């Protein structure tokens, strides 16, 4: 299963080339992750209140076609690995209702203990929510 | 006395109109405040470690002339009120070495207690550093 | 009449103090202006295609209470002057469904000719749309 | 050969986790590319005035260690492919004067014709400057 987020391109997200600045897709991917987690009943505040941080360890994007100011975009967030130690997602950005992909991306986050800063297993109560909504293949 | 900061306009700070997006000046003013405080021997980390926050309560800007990508800018940060309860600064942005002002601004920060969230007097050890570098007229 | 925009605070909009960085409100005000103009049938692209730019000349904000990550916000954009030469708006940011104001702001844009860079009267076809939706008092 | 850029982390570049938000590294890589091109005598304005755009087609980053507010950073920009059709760079971000890498990255830009939007060979006058400063191995 994947989760879709919808939003319009804001004017400040454009640059002098007249298109969306590429760094904004990296920010939108984060919006997609948050929406995915919300859809499985996890909020970042809840994680942080339990002493869990989830720093990003990798991100990448391929830019195929530009988005422009005021475009209505659809961001698809697809879990590709959800385990007690990490979350990996793929992303596809399209104009709303269109097939062609504008940008695709990938990210990896790990779970860490806020106090030690070390990688730390996600507590069962969160993990079960994460995995319940993802296919068996994802649990690597 | 005022403090000058120097930096180049970054590409991502431009927008579709081909000039610097106006929100970046507000961000640069913050760079100026940090440079001012550093010049009097105060770092934000030190304040935060002492339980002091310094939320911004007002900001304004007048945009006279646009700055462009790669421009070398000079930001002048001028204290207009430095007291135990608040810091007020004015800002002037010019191209390096030029007289004419591109943007001018104003900000007000108050000091608050991190735990209570209430306005709180700045401890003497910080206040003396702040005031030592400012003219008598500033101490209202 | 005023126009309301609704959106959630994104994680990247927070800063080390754990609240929304103040510069984002200035960016959101722009989102409000765009939504206001869309509501009266004007898109920025249409203006730009007609050779009209609308640089911002003033902006200000008063920060009363902080917004936090994931808050659902309501931005009210209130026209206070809409003429052939300028647009002035006031802004109020609240949590969705709450009365208390978190941040309030003001902006002024002028209309300029893309080629000359000079202030230039907004063509009648746009002005009539702007004014038709605003009260008589606004036409100064 | 590589080019180094030096800058401090700005407060607005931090997020609620108390470290630099990951999207800023992607923005800093752009600062590195611009500094590299300037070092070989090419400005983006000159390219754009000649009708050449240089959209980014890929970007990636690995985040190893966090940078914090006010850190003085050193960004190393290393060309890995500079041809008439594309530029590829690697990036390494360190604290100034330290060995350990905080973040490393990669980007690919292609040259396109502003009018047609198609990939287009970089004119000889620019290519010779690009290549003169890069090792033979880079010219693929």
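Labels for the chains are A, B, C and D, by order of writing; each one numbers its residues from 1.
The rule is simple: a contact is a pair of C-beta atoms (placed from the backbone, for glycine too) under 8 Å apart; a residue touches a chain by one contact, two chains touch by 3 or more.
All figures in this text were calculated on a predicted structure; none of them were measured in a lab.
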item	value
Centroid-based (C-alpha) most distant chain relative to chain B	A
Selected pair, greater C-beta contact count between B-D and B-C	B-C
Centroid spacing, where centroids are CA-atom means, of chain A and chain B in whole angstrom	34
Centre-of-Cα separation between chain C and chain B, whole angstrom	24
Centre-of-Cα separation between chain D and chain B, whole angstrom	29
Two or more partner chains touched - positions in chain A	11-12, 16, 23, 27, 30, 69
Touching residues on chain D, where the partner in the complex is chain C	11-12, 14-16, 18, 21, 23, 69
Touching residues on chain D, where the partner in the complex is chain A	16-17, 19, 22-23, 26-27, 30, 48, 53, 55-63, 66
Interfacial residue positions of chain A with respect to chain C in the complex	7, 10-12, 27, 30-31, 34, 43-45, 69-70
